[in-house]
């Protein structure tokens, strides 16, 4: 893998920073993909469903109030089981990206299953009238060489699963390239708040998320970078947590220095500058 | 599983929020249910017993001072070994709910053991003169389809084990329905404070619990919701932790906007509105 | 196990609270007891040794400045390998309690090994001229029925391994009784700060320890209780952590309301009141 | 192992404290050394690479602004794959220390592999024109007797892997000795921030790192000690974290009381005082 030199950022309306709010709507698929035993664990399934029932509506309301278009990554299974939620995302003008079908980790399954994850996910979204996704985000941010090659073959405009930079960059493997809109665990709500009875986890103070993400924005602003935040509706959608995240959004909006953009908008803008091979 | 539309909340005395304080009195059963080896681990058993010896009395004192009726979920085994504690709960007018018998996780045992957990728990409480419980809370918040069906068959008015909403709702599975008074890990003291020598855990700052739970109350108040908090007497009963929780209670009481209610009171009020099948 | 009613506390000089500072000097034994592979893990052994080299001297200095007598639990193996450290504890008038020999967890070894842990530990201390210990603290706070019986048979005045109360109480098992000076994980520095490469752990803010332990003292003061804090010299002896703990000590000392006492002093005072069977 | 008495510190220009900033540039090797499966986990590899791409440049900029020479430990594999990064370190006058070749844990591999780690790492650095390293830091701070003996045989001036003191000291094993410039987990960024999908980890508030490390500096200053901090460019190089670390650096610089020194400079100064056998 190599990193090309990145052109100086130049965002619309001369904004100092570009920010994408992204949401992975894993719902039940987030757990079902972990193993068959989850099919009969009703509580953990219901926790995933909370993301659809309560998390997404609260998030849509927040985005509406700040007039922000965001990106939602939706597994095929989630879309099939929650079509009204998918429609609500499209109605509000948000981007729907590809997030696999059964939320299987690419490094844990066969090559054929990896192919199925991509193609079944595409078909599920297509059946619901979702425009063909331009972007892909891998399950648990695991990306194998086989899935990487598939992304290039299927013609995705961008991937959002790697951590090789904190600006848009070109990720490459074995001669193939894709535009990467990178992510990081510390800019994801799960490592701070994800907790379950079998493996534990962290129970962070939401004020820490507010401080850290606000500081990340300030650094992006100072460096004229794009940055993105990753959330899960069942996690950040808890109202007392969302209240802290809203403070981050309010801070960014009040700065007057931010271009809130969907990942596809960012990708369309930067892809020509980075000269991604196609 | 489907979610019905929920009627606008309307609480007694026009209070903005309904709040239930709930306590799972696991005592020794909380550990014995994890495996036979716990029978000879005297320290961990004594930590469970602390909940009965010191936690419950402190909690009863706090509830008395704020004139709050609360809900205690008591496994049959705990009730049998601590009958005076059970009597003290009844004397103070609190609700006793069903919490299994040996604190076995429903997803880890056979269907017959699941039946025994329900029926033996009912019998143990009955022998002690406890009114037949209207509510059930599953061990470790694991709920299988078999136990779900049992709850409906045994006629429980409500369950309090799922996380599919943050308001009372109808949980359904395979054509059966039950009124759900939902919970969440982040509104439980265990994920923040539970620690043991084998698996570790978190050792949170109790001030974080105070801030988060106060914020949860404020969101419930703004949304005119019911919310509930789940505690374990051996965990929250540590005096320096209870002092922080008391600040949450004081804040809610001083708001003048809260209806403190036992879960059965909430269930009786909302069940007709939600039209749970019976 | 049963809990007897406890007499109202009455501390010397009419102090409101009795406080014991206790230190488990595990040193290399703390790791060697976990398995043979630790014999060749030089870094983790050196971390244990730091407790002897740097932790104990810093702690002795702090205790001297506040004129406090404390209790140190020293495994036989640690005493044999660090005799000068043992002498320094005795010279300063501190109590040395029994903490096993090879720091083996009683629930993980045979009954004979449990006997050896007790008797070899006693012999190791005796050979170094340490007065026969009146108190015992179990490794990792695991206490089996066999070791419990041994404590009674060997005539220990008190145990300090259980968590069944937050006041001195009588712990009993199978008809045997011992005076218990209880402990708790949250009043121990290890759960907050213990971290290793294999299993991770927490890296708490020492200011949280300061706030929580100060609050624990204030609750003991309000309830006229005895309380104790458990520390490990290699953990709390890190200077930036000890600085926070010193603030707890300073707060207690300045209150004018505290009787700092070794555990054996507390045991001698309360044993007659609790009428422990002997 | 024995600890010799340490001479009173006496730092250049009568500074009260000596401080070394050290960085382990593990990059991809940090994960590849954990097992073959990491070769196809593109995201985790890209996270390691971020340290080279973004972390090191940000760190070099910070060091330049404060005119600090630092120590970078670079595995042979990292050096081979990122030669321009190595050149940038040398150009800026920083020390490059030995950090193995494939980042294999010495306690997990054969004696021959331990030899290869040392010798292949030396050769890789030599091929890139790096001056022969005077110092060694073990992978994951695991140091076996065999690797310890190798360090002495290969003539390293110092090791920086143990935790037996918080001042430079002589570490010894089986009759061999080496100058140790010690470390500690709590003075390392990984335990606070390292998180991955398989094993979790902590997601600390960077303000806690700022407070704790500032307090560590203040204690070193008061005790006229040397201390060192260990960081990983992919961890501390996240801009919102580096901003907090910069506050630590700024505090130390503004104190006027600090000698910022590379570990080799500290080693050259203290080795004669400690009379390390050679």
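Annotations
Letters A, B, C and D mark the chains in the order given here, with residues in each chain numbered from 1 onward.
Operating definition for what follows: contacts are C-beta pairs under 8 Å (C-beta built on N, C-alpha and C of every residue); 3 or more make two chains touch, one makes a residue touch a chain.
Labels paired with UniProt names: A, B, C, D = Hydrolase.
These figures come from a predicted structure and were not determined experimentally.
Note on connectivity: the fewest steps through touching chains from chain B to chain D is 2.
Copies chain B and chain C of the same sequence differ by a rotation of 90 degrees once their CA atoms are superposed, given in steps of 5.
Two copies of one sequence, chain A and chain B, touch each other mainly through non-matching residues, since under half of the numbers at the interface are common to both. Of all the chains, the one whose CA centre sits at the greatest distance from that of chain D is B.
Put simply, the C-alpha centre of chain C and that of chain D have 35 angstrom between them. The set of chain D residues touching two or more other chains comprises 200-202, 205. Working note: touching chain pairs come out as A-B, A-D, B-C, C-D.
Chain A meets chain D in the complex at residues 1, 3, 107, 138, 140-145, 148, 161-166, 171, 173, 182, 184-186, 191-192, 199-202, 204-205, 208, 211-212, 215-216, 218-220, 223. Across the complex, chain B meets chain C through its residues 37, 40-47, 49-50, 53-54, 193, 195-197, 200-203, 205-207, 238-241, 243.
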